[in-house]
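You will see chain A twice below: alongside chain B first, and alongside chain C after that.
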Partner chain A sequence: MLTIDRLRKDYKALTAVNNLSFHLEKGDVFGFIGPNGAGKTTTIKVCATLLQPTGGTVYVDGLDVTKHTDEVRGMIGYMPDFFGVYDDIMVWEYLDFFAAAYKIERARRKSVTDDVLELTDLTSKRDAYVEALSRGMKQRLCLAKTLLHDPKVLLLDEPASGLDPRARIEIKELLRELKAMGKTILVSSHILPELADFCNKIGIIEQGELVVCGDVGEIMRKVQGGKALEIVLLDDCDKAVALLSELPNVKGIQRNEQSLRVEFSTDEVDQALVLQTLVQNGLRVQSFAEVQVDLEDIFMKVTRGVVS
Partner chain B sequence: MVAAAAASHGKAGLLRWVSARLRGPDLPVLTKELRVRMRGARAFLIMLGYVVTLSLFAVGYLFVTTAASGILSTGAMRATTPDVYIWLVRRLFATLAVAQLALVVALAPALTCGAITVEREQQTLEMLGLTLIPSRSVVVGKFLASLCYVVLLLLCSVPVFTFTLMLGGVSPLEILTVYLVTFAAALFFGAQGLLASAIAKRTYAATVLAYGLTGFWLFGFFASAWGPAPFLFFCAVTLAGLATVAAHGLVPRLRPGARAQRVTHIAVFGFTFCAVLALLNAPFFLDSVVDLAMETSLNPNPYVILYALSLGQQGGQYAGPSSGYSPYGGPYGLVGVARTAPIVWPAVCLGALSLLGAALAMCAATSLFGAARAPQADPPEVAARAAADLFPDTASREDAS
Partner chain C sequence: MAVSNPILRREGFPRFWRRSSPVRRKVLLAIYLIVAALPMLALLKYWRAVDAEAASIIILPLSYWPTFLAPVIAPALAAGAIASERERRTWDVLVVSRLTSSEIIWGKLLSRLTPLLWITIPLLPVMVALLIRSGGANPWGQWATGGFAGGSNPYAGASTWPLMAVGWLSGFMVTFANAVMALYVSFRCSSTRAALLTAYGVAVGAYFVVTMVIGGISMAIILPTMMGAMSSPSSAGPGAAPFPPHVMTWMMALASAPPFLWGLLVPAILLPIMVRRFPQLDSRVRAG
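Here is the complex of A and B:
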C-alpha cells in the first residue's frame, strides 16, 4: 500500500533522509520512531506529496507520488505535526468546508461530517468554535478532517505530541479503531510507549537512516538477545553477586543498592535454579522478577550514542 | 414543473427545489469566507467607519463651501441662481464620488492581500493545498468573498448618494455610473491585492506589494491626463518590462528553474496590461503633443472626469457657474435630468478594462498558488550537489568535458 524505495531528501546544510526503504501492506500500522530531527517529518512530507524527493521514489498503492500527485492526494490522509485552524469558524463548518474541498457531493456532506464527528467523539462540539476547543479536541478534529474522504493510507505526524495523558489515551483509542477499520497507518512519534501497544511494525530512524525496521515481535527478539532478571535482596548483596556469577549463561550483573539486574545470554533460563541458589545460601529474597524489555529499551539500545 | 415539485414536497420541498437550481458551481472557499467574514464586530465597525467618513466628507464639504461663498446659507440660497446651485450640488456629488473611489482603492487591496499569506501564517495552507480543490476555485473564492464585502460597503453608501439626488442636479444614471466606476476599481485593485498575496510569503510583504502595485496602476491610469512626461515614463516602464519578459522567454539560460518561470508568468500578465493601458492612453498623449483637435472633455478616463468634476470643472474643462442653459425652474426644483457629464461610456470601457486586468491578475495568482501547493522541489544548488553525490560518475565526466 505504501512503498518507500531508497528515499533521499537533502536540505541546504544536511541530508535529512538517506537511502530509506520500507514497505507497508494494507492494514499495517507502522510506528515511525526516532529522536527529534531524525527525518521523520521529512519522510512523511514526501509521502504526503508536499516535498519532492531528492532521490528515490515513494509509491502509494502503486502510484508514484511525484507523478500522480492528485490521485495520491485523494488516497492519503495527512495530519501535520503543527497545524492551525481558521478563526471564527464552527466545527461543523470547518468539516463541511474540507468535505467540499475534497469534492464530496453536497447531498453526502452532512452524513459524512456526522460520521467523522461520531468517530472522533466530537458530536457534542458540533456548534462550538474551532479556536475554543482544547488542544486534544483540536487534534481529534484534525484527525476527523483527515478522515473525511475515507483515505486508504493515513500519515500521522506526532498525533499525540503536547497532549495531556487523557487526551493521549483518547487519540490512542481512536487509532485502534482506525486500525480495526483496516486503514494503513503510518504514525510517527519521538516517544515510544505511545506506539508500543498498537503497531504491528516499527521503524527506528536516526540521522536520516533507518536503523531497524520490521515486525515488532521480531525486532524485540533480535535486539533483546536474552533475558534479564531483577532481584531485590534484603541483605548481603556481595555474596549474591559472587554466587550468581558462577551460574551458567550469566552475561553481566548490575548492582544498584539492594537490587540486582542479572542479564543472561540466552532466552532459556532456569529461573528456579537461580532462586534456589540464592535461597539455599541463606539469602533473603524480597522480589524476583523477569525484566520486561519494551520498545523503549530497544530504542535506547539501537540509537545509543549516535545522537547527542 | 415548479407546481409539480411544490405539490409533491410541500413548501419546504419547493424551497429546496428552487435553491438546488439556483446554486451555482461549488466554491467551498467562498462559502467558508462568507460564513466567517461577518462574525464579530470588525466587519461592522469597518462599515460604520466607511459610512461615517463619507458622510463627514459630504457635510464638511457643504459646510466649507457655504462658509467660503455664503451661497448655501438660508438667506443667500434664494438669491442664488439655479446654475450656481446645480454647479454646487454637482461638485458635492463628484467630491463624494472621488472620496468613495479613494476609500475603495485604499480598502480593496487591504481586504485581499492577506488571502493566501494568512493561510500560510496560521499554518492552514498545507492542509488546504492537499485537498482536491482546484487552485482556481481557491483564488476565485477568496476574491469573490472580498468583492462581496466591498459591494456591501458600496450599498451602505447609497443613502449618502441619494442625498445629492434629493438636492437635484444629479441624474440617477450618473449615480449608477459612479457606482460602476467604483465597482470596477474594487474589482481591479482587489485582484492586485490577491496577486500580491500569492507572490509574497508574509502578509506585511504582501501589503507593501499590493499598495505598490496599486500606486503603479493609478499612475498608469492617470499618466496621459498628467501630460507627456508621465505618459512617456509609463510607456518606457512597460516596454522595459515587456523586453525583460521576452528575454526571459526566449533565452533559456535566463530561466533556470520553476521559480523564474513563475516570475515570467506574473510579468507577462502585468506588462500585457500595462501595454493595453498605454495604447488606450496613446491618442490623448498624441493630442497633447500635436493638436488633433480632440476635445479634452472626451478624455475617456472616468477617474480623470470625476476628479475634474469635483474641482468644479465639467468633463475635464472648467465650465464656470453661469455657463450654459439650465433646465431648472428654481433652486429647489427636482426637475428631470440635469446636464450629464460624458462619463457613461468611459465608465463602461473602464469596467471592461478593469475586468481584463482583474482576470489577468487572477490567472497569475492561480498559477502561483498552484505552484505553491505542488510537491516542493529542491533548490537548484541542493539538487546539483545531491546529483553529484548520487551519480559521481556522470558529474566527473561533465567536469572533464
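Here is the complex of A and C:
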C-alpha cells in the first residue's frame, strides 16, 4: 500500500533523509520513531506530496506520488504535527470546507461530516467555533478532517503531541478504531509507549537513515537477543549474583539495590531453575517476573543519541 | 447561483452571507442592489440640475477609484493571501487537498478582489451617467485645458468614450495585475508583513520604472507636439482647443500605455508560473 524506495531529500547543505526504504501492506500500522530532526516529518511530507524528493521514489497503492499527485491526494489523509485553524468558522463549516476541497459531492457532504464528527466524538461541538476548542478537540477535529474522503492511507505526524494524558488515550482509542477499519497508518511519535500498543511494525530513524525496521516482535527479539528476568530479593544480593553467574546461558546480571536483572542468551529459559537455585540456597524472593522489553529499550539500544 | 470554489466561497463572502439561507441571501442581495442604485437614482432625480461642466467635475474624483485607489489597495488585500495561511499553519493541509493549483490561486485572487468589486458595482453606472450628462467630455482634457478656456470645456461634445473606457480598463487591469503580483509575493514570503512590504516595494518600484521608461518615451514623442501647439496661437481664436481632439486622444492613449503594459504583462507572466510551479515555490527548509 505504501512503498518508499531509497528516498533521499536534501536541503542545500543538509541531507534530511538518506536512502530510506520500507514497505507497508494494507492494514499495517507503522510506528515511525526518531529523535527531533531525524527526518520523520520530511519523510511524511514527501509521502503526502508536499515535498519533492531529491532521489528515490514513493508509491501509494502503486502510484508514484510525484507523477500522480492528484490521485495520491485522494488516497492519503495527512495530519501535520503543527496545524492551525481558520478564525471565525464553526466546526461544521470547517469540515464542509474541506469536504468541498476533497471534491465530495454537495449532496453527500452533510452526511459525511456527521459521520466523521461521530467517529471523533465531536458531534456535540458541531456548532462551536473552531478556535474555541481545546487542544485535544482541535486534534480530533484535524483527524476528522483527515478522514472526510475516506483515505486508504493515513499519515499522522505526532497526533498526540501536546495532549494531556486523557486526550492522548482518546486519540489512541480513535487510532485503534481506524486500525480496525483496515486503514494503513503511518504514525510518528516521540512517545514510544503509546506506539507499542497498536503498531505492528516500527521503523527507527536517526539522522535521516533508517536504523531498524520491521515487525515489532521480531525487532524486540532481535535487539534483546533473548529474555530477561527481574528478581527482587529480601536478602543479600551478592550471594544471589554469585549463584546465578554459574548457571548456564546467563548472559549478564545487572544489580540495582535489592533487585537483579538477569539476561539470558537464548529464548529457551529455565526460569524454574533460577528460582529453584535461589530458594534452595536460602534466599528470600520477594518478586520474580519476566521483563517485557519496550520500545524505549529498543530505541536506546539501536540509536546513538545523535540529533541533527 | 452556487459558487463551486470552496476558497472563494469561504473568503469571498462575509460570514453573515455564508450562514444565510438561500431566501435570506436573495433578500440581502436585493438590499445591496437597492443601496447601490441609490446614487444612480439620486442622479436621475436631479438630472436637470447637473450640467455638462458639473458632470465633468464630478467624474474626475470618481475616476480616481478605478485609476488610482483600487490599484493601490489591491496589493494590501492580496499580499496576505498565502502568507497568512502559512502563519496560521493551515497552508499544508490546504495544499494536500484535491484542490488544483489553479483553483487555489484563482480562489485566493478573486476572493481578495471581491471587496473592490462591491464598491465598483454601484460606481460604474453613476460614472457612465455623468459621462453621458457631460456630453462625453474628457475630464482630463477639462482639467488640462481649463486654464486656456477660462473654465469652459473646449472638448464638450467631442466623443471621448473610447478614452474614458481605456482609462477605466487600464485601471482595472492594473488593479488585477497588482493583486496577481502581491499573490506571487505572498507565495514567496513566510509572513504577511514581509509580503505586504515586498508587494508595495515591487508595485511602486516596478510600476514607476515601467511608467518612467514608457512614459519617458511617450513624452519624448508627445512633448514637441504639445510645445508646438502651445507656442502657436490657434487660428480659431481664444477659448479654442490648443490642439485637435484626435491629437489629444493620441496623447492620452500613449499616456495610458504603461499601465496597460503592466496590466497585461504581470498576469501573463506570473499566473502561469504560479500554476505550473505550485507548490514547489514553497522551498523553505522543514525540519523533521
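The working rule: the second predicted complex is superposed on the first by the 303 of 308 C-alpha atoms of A that agree within 3 Å, B and C clash if a C-alpha of one lies under 4 Å from a C-alpha of the other, contacts with A are read in each partner's own complex, and residues count from 1 in each chain.
Following the convention adopted for this analysis, contacts are C-beta pairs under 8 Å (C-beta built on N, C-alpha and C of every residue); 3 or more make two chains touch, one makes a residue touch a chain.
For clarity, every value in this text was computed on a predicted model and none was experimentally measured.
Taken together in the superposed arrangement on chain A, chain B and chain C clash.
Contacts of A:126 after superposition on the shared chain: neither chain B nor chain C is touched. Contact with both chain B and chain C is seen for A:145 once the two complexes are overlaid on the shared chain. In the superposition on chain A, A:83 contacts both chain B and chain C.
When the shared chain is aligned, no partner comes close enough to touch A:68: not chain B, not chain C. Residue contacts after overlaying the shared chain place A:239 against neither chain B nor chain C.
When the two structures are aligned on the shared chain, A:44 is found in touch with chain C, with no touch to chain B.
Of the two partner chains, chain C is the only one touched by A:14; chain B is not.
Residue overlap on chain A between the chain B contacts of one complex and the chain C contacts of the other covers 11-12, 48-52, 70, 73-74, 78, 80, 82-86, 88-89, 93, 97-98, 100-103, 106, 145, 149. Chain A contributes residues 11-12, 14, 16, 36-45, 48-52, 70, 73-74, 76, 78, 80, 82-86, 88-89, 93, 97-98, 100-103, 106, 142, 145, 149, 157, 308 to its touches with chain C in the complex.
Residues 8, 10-12, 15, 46, 48-52, 54-55, 65-66, 69-70, 73-74, 78, 80, 82-89, 93, 97-98, 100-103, 106, 145, 149 of chain A are the ones that touch chain B when the two sit in their complex.
Across the complex, chain A is touched by residues 26, 28-29, 31-32, 35-36, 39-40, 122-124, 126-133, 374-379, 381-383, 385-386, 390 of chain B. Across the interface of their complex, chain A is touched by residues 2, 6, 9-10, 15, 18, 88-90, 92-100, 279-280, 285-288 of chain C.
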